[in-house]
Amino acid sequence: MTTLLTSGDRLDLNPDRMLPADAGLRPLAREIYESVRQLPIVSPHGHVPAQWLADDEPFSDPTSLLITPDHYVNRLLHASGIGLDKLGVAQTGFTPEQSREAFRLLCSHWHVFRGTPIRFWLESELTDIFGLDVAPSTDAADELYDAIAAKLATPPFRPRALYDRFGIDFLATTDDPCDDLVHHQQLAADPTFTGQVAPTFRPDRYLEPARTDWNALVDRLGAVSGLDTGTYAGWVAAMENRRAFFKANGAVSSDHSHADARVEPLDAAEAERLYALARRRTITTTEADTLRRAMMFEQARMAADDGLVLTMHPAVYRNHHTPSFERFGSDIGADIPMQVEFTRAVQPMLAAFGTSAYFQVVFFTIDETAYSRELAPLAGFYPSVYIGVPWWFIDAPDAMARFRASVTETAGFTRTSGFIDDTRAYLSIPARHDLSRRIDSGHLARLVGEHRLTLDEAIETAAELVVGNPRRAFKL
Amino acid sequence: MTTLLTSGDRLDLNPDRMLPADAGLRPLAREIYESVRQLPIVSPHGHVPAQWLADDEPFSDPTSLLITPDHYVNRLLHASGIGLDKLGVAQTGFTPEQSREAFRLLCSHWHVFRGTPIRFWLESELTDIFGLDVAPSTDAADELYDAIAAKLATPPFRPRALYDRFGIDFLATTDDPCDDLVHHQQLAADPTFTGQVAPTFRPDRYLEPARTDWNALVDRLGAVSGLDTGTYAGWVAAMENRRAFFKANGAVSSDHSHADARVEPLDAAEAERLYALARRRTITTTEADTLRRAMMFEQARMAADDGLVLTMHPAVYRNHHTPSFERFGSDIGADIPMQVEFTRAVQPMLAAFGTSAYFQVVFFTIDETAYSRELAPLAGFYPSVYIGVPWWFIDAPDAMARFRASVTETAGFTRTSGFIDDTRAYLSIPARHDLSRRIDSGHLARLVGEHRLTLDEAIETAAELVVGNPRRAFKL
Amino acid sequence: MTTLLTSGDRLDLNPDRMLPADAGLRPLAREIYESVRQLPIVSPHGHVPAQWLADDEPFSDPTSLLITPDHYVNRLLHASGIGLDKLGVAQTGFTPEQSREAFRLLCSHWHVFRGTPIRFWLESELTDIFGLDVAPSTDAADELYDAIAAKLATPPFRPRALYDRFGIDFLATTDDPCDDLVHHQQLAADPTFTGQVAPTFRPDRYLEPARTDWNALVDRLGAVSGLDTGTYAGWVAAMENRRAFFKANGAVSSDHSHADARVEPLDAAEAERLYALARRRTITTTEADTLRRAMMFEQARMAADDGLVLTMHPAVYRNHHTPSFERFGSDIGADIPMQVEFTRAVQPMLAAFGTSAYFQVVFFTIDETAYSRELAPLAGFYPSVYIGVPWWFIDAPDAMARFRASVTETAGFTRTSGFIDDTRAYLSIPARHDLSRRIDSGHLARLVGEHRLTLDEAIETAAELVVGNPRRAFKL
């Protein structure tokens, strides 16, 4: 159902793209890839709003779907000199003509995406989802825009129809502990929706007492849980309460991202003392870090009790460019990774819960150095630890290949999380999972080519990586 | 002399395994590998007990030889949910039936070793040492167990016969400074043993004044050396005494592993003051670190005098899972690497001894980031510095390939240590050295394929890496 | 114009050297490489003395040109046991016979350069510049020495003739802020010189108040600028003055290398207070670091005003071996890289100037871990940030390939600096640029082979990397 366009260069995606170029490995990789290509998508961590699926309204226009909310796309255009306002970020009343102009900017800067996975995702979307056969370019921009806009207005491009077409088996969203999860409940109660959309408990803000809005957040947590959050014990009880609510609504994991990975208990009296300081807004940043690490320890303890899988992806400098944050807000592409340390940081948590029956943790990193040095050794000893696959900046072909080469020799294949798309870009989900399958197939093909695995083992392993691993790591 | 078994899948090891898959590089790699495949094994650092060779008793059973003492094998089984007790770790009175059951667990979890060097080692052992032709599996477990057990009872499988068969030229053990080295002396005095088994001076515990058992250790050091270790000067003299004893018994190196790589002198009065605090058990952990770094500086000074090569492999968090340590002890697979820093840490040592005639140091790391950033630059300037090859977690094909690609461009081939097996698993020694030869051959083949070396140069270099480099780095 | 020598092995450089060995990628790489092979050389950062080109005197002998000043060559010979004095380093009255002997040492140790780019550079120089067809060896040493010496005495081997023959389009030197740039002015005023040789403002020493010679340096800065450097405000004004002088003489960038990357403002009173302490030589090292970071912030502010591109390459431990420094001075191969942190360190600078119209910064690192973790994310958001290509120790084939694989997926190709030769070894400039073109061609060939780019795109990108990127990054 390719729509033939008349402007621009043909977009003719090679079926073997991203597979090894080596003539001996290519056929092996192709065979492995073919065996997993059509397996269902398991997506245990992401940022698609549940409301989209609950309401099932058509998407309004190409830009607000493909550009404005996607900081992967935004950031490189911004680096190329295009203001975020031109792309619709934090703009109210962005007009149709501005939307079209933003799309033209993407198309006229198509070359800046060479060598990036963004190009792979968008090309796959154009071809596989929209059936369009020209590459973005200044010439093709308007015709592409119109063709996409026209399709988005049709029923097959509504969120639920796409959910089915994408073959999604499980989709997790990311939610505030105070969220009422009304859209998740609506989906669960709707017999016409046969998918599975689970919330994820993401309490970061409530664990950072140095935030200026922390008192208000904690007040709200008290109100929503019906518990008094005036004490640390009350905060803990309220967290337990909201975790239980999330679990009752299908959640399988809690997700955590702070400046470092440290998780460390505090005795009750000291925790109450720091909490009281925080409530009075007289806590220092050092004390706030100490309290946050104790709060994380409590989250781990709760995880050992309620069985929600704990996922951690620490050490990103949020909102690095202060003026852009003030003008455009968060999640605009200005979060910059930092060095991370896990071995010492998570020792108290793993000493306490590392072999607990219900405890399970997935460690993600953007600092690739942690893979072979810390994460593979941890996951290669602790039955509770899984290595999160490359994510965010390193959700990309060469980085994925480095990941497998870094962790497999120490931890094997069974101790990794399965692919995580972590995306706000709903339409990119199939392409992201597809890319992961291609790269893992290439890695496995190499192991076969080097006589480290048989082809049968590689095919079996590829399927495990797609379906078995995420189900085990996230207890699905 | 393959023993034909009837259960399970055939184990048919490809002679080209671990060589590059590329059709152009494969024949080059094969030719290079063939030129070094049968060269003798030089093993200047490892953990095989000298007593095994001194007594030359038959090994008792497959599990206590292949599973229980080998934390490489244990750790991944533990991560897969199998208690270490089930594998015989720290168990007294482990029965023959328990031993067989442990072997079954290994076999039924064979898939968790896919992509790891453990699989390569064990498969090589089954094929090359035991002549068995089936892969481990639930079905084949008992038959494999019985076949191995039967062979172990025969003369060709005694420690000395295997030593000869493995083609070992030099084998170093790792020993406590207070060890009487009686087994080394026994071997040296035995005209029927023609091998060379040298002790290695490993004084770590005596350099960590914060240990609860440090006073007792230092008392013992005094007793064994016949010197008063009540003062720091006495401690230094006792160390010199024991190093001399080790050297007289064939030692070529001392080996050191602490939480960091810092080596820094202290003036005599301050050292005595801290030492006195330590003896009185009132030293702080910070002071204990300071004293330990000064003690390391003394070891370096002694090395510049007595010529024992200093090897360092810092920055591993020992006994990370406290409950497992309390139940099962050390060296069970729960040591986790940490970030390491060499450049600043070793500057005082290299400023003092870096160009001394007798001083030689080998730096090992599990933090691969140190290779191109610090170790290759250090070894590329200091005539005393050698880069230790990948070791422990990264003694694995892809990691070895990364190592060569990381250090060679800065330090060439001559500044690396030669392969280190570092193993307690005696039977894995040939497979480990073989793997290293395969991977280095693949690396050299690539350099030939890219016209960076001639094939003659590659063949000459391969032999140097196997024999010349360890002999130079360890002054053999 | 190959000179036929009679000693030693033939040096027959393969035209495809350093291109991928893979039979499918090789022809692609060759086609891409051929398209850029002869493009002009843009060299925006290096250490060739402008005086060489101004005076255009013949080079005196092979050793003083190829060995003595080149710490890449020196360091590996030193690590191999050859004293730096034997290589002419810091020697006055080095005799012709000593010079010849130094060259013999290089030749007899030729094998230590296997696998290093030094070999590639020197072989390319022998073949492409001198037209000599034998490889260095003990046997060939004298004949090579004589042949090189003979050519150096002829007009085609004078600096300007070589400049033209190398196809250099732009060459930057590195200069002290107090330099009078007389040689640059001489070249600019000379109608017979048609090249472009620009100074680079390198004020490191003036920003390190803990140096023992800092007061003298700052006094001189005052004298040269005609401004009173007795106060911090005066220091700032003097820096502005000298930057303006450099800019007027063609400078396009300032270059900075300190122990860390931190750039952080200080309020005026505190800066004056610390500056006064520094002038009185009572500043602590911690205060000196604080002042240095504020001085760097001022450099960034000036860059946002005057538009000189700021280049930073922090975190190298200078003069690591104290005794060698005392005997031979700086820049002798004893500088050792350290870990580096950019994300937090440069945040204050980028918050202030990251989107300023005239501000542009290039971050270089030898700590490769920063590429995917910090530099690509920074350059992928900030329009002012460029990622510096591998440099110094990692200006080498495998490291360059790792670089492209590390940064491209996050930042694309457009956000990188273009090749930087950074060399004192004038004759190695063509070989260094050529090597970069070969490796980038290989990387692009792989992307074509994996169907990530079309061949046309790869060819276009290759040219951009050679010419477009350095011109954009350095505003040429």
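Here are some notes:
Chains: A, B and C, in written order; residue numbering restarts at 1 for each.
Quick note on the criterion: contacts are C-beta pairs under 8 Å (C-beta built on N, C-alpha and C of every residue); 3 or more make two chains touch, one makes a residue touch a chain.
Keep in mind it's a predicted model, so treat the numbers as computed, not measured.
Of all residue numbers used where subunit B meets subunit C, under half belong to both copies. The two sides are thus made of different residues. Fitting subunit A to subunit B on C-alpha positions gives a rotation angle of 120 degrees, to the nearest 5. Note on chain placement: the centre of subunit B and the centre of subunit C lie 40 Å apart, centres being C-alpha means.
Of all residues in subunit C, those that touch two or more other chains are 22-23, 369.
Subunit B meets subunit C in the complex at residues 22-25, 341, 343-344, 347, 350-351, 354-355, 369, 372-374, 376-383, 385, 405-406, 408-415, 446-447, 449-453, 457, 460-461. Per the touch definition, subunit B reaches subunit A in the complex via residues 13-14, 16-23, 75-76, 78-81, 111-117, 119-120, 317, 320-324, 333-339, 366-369, 393-394, 396-399, 402.
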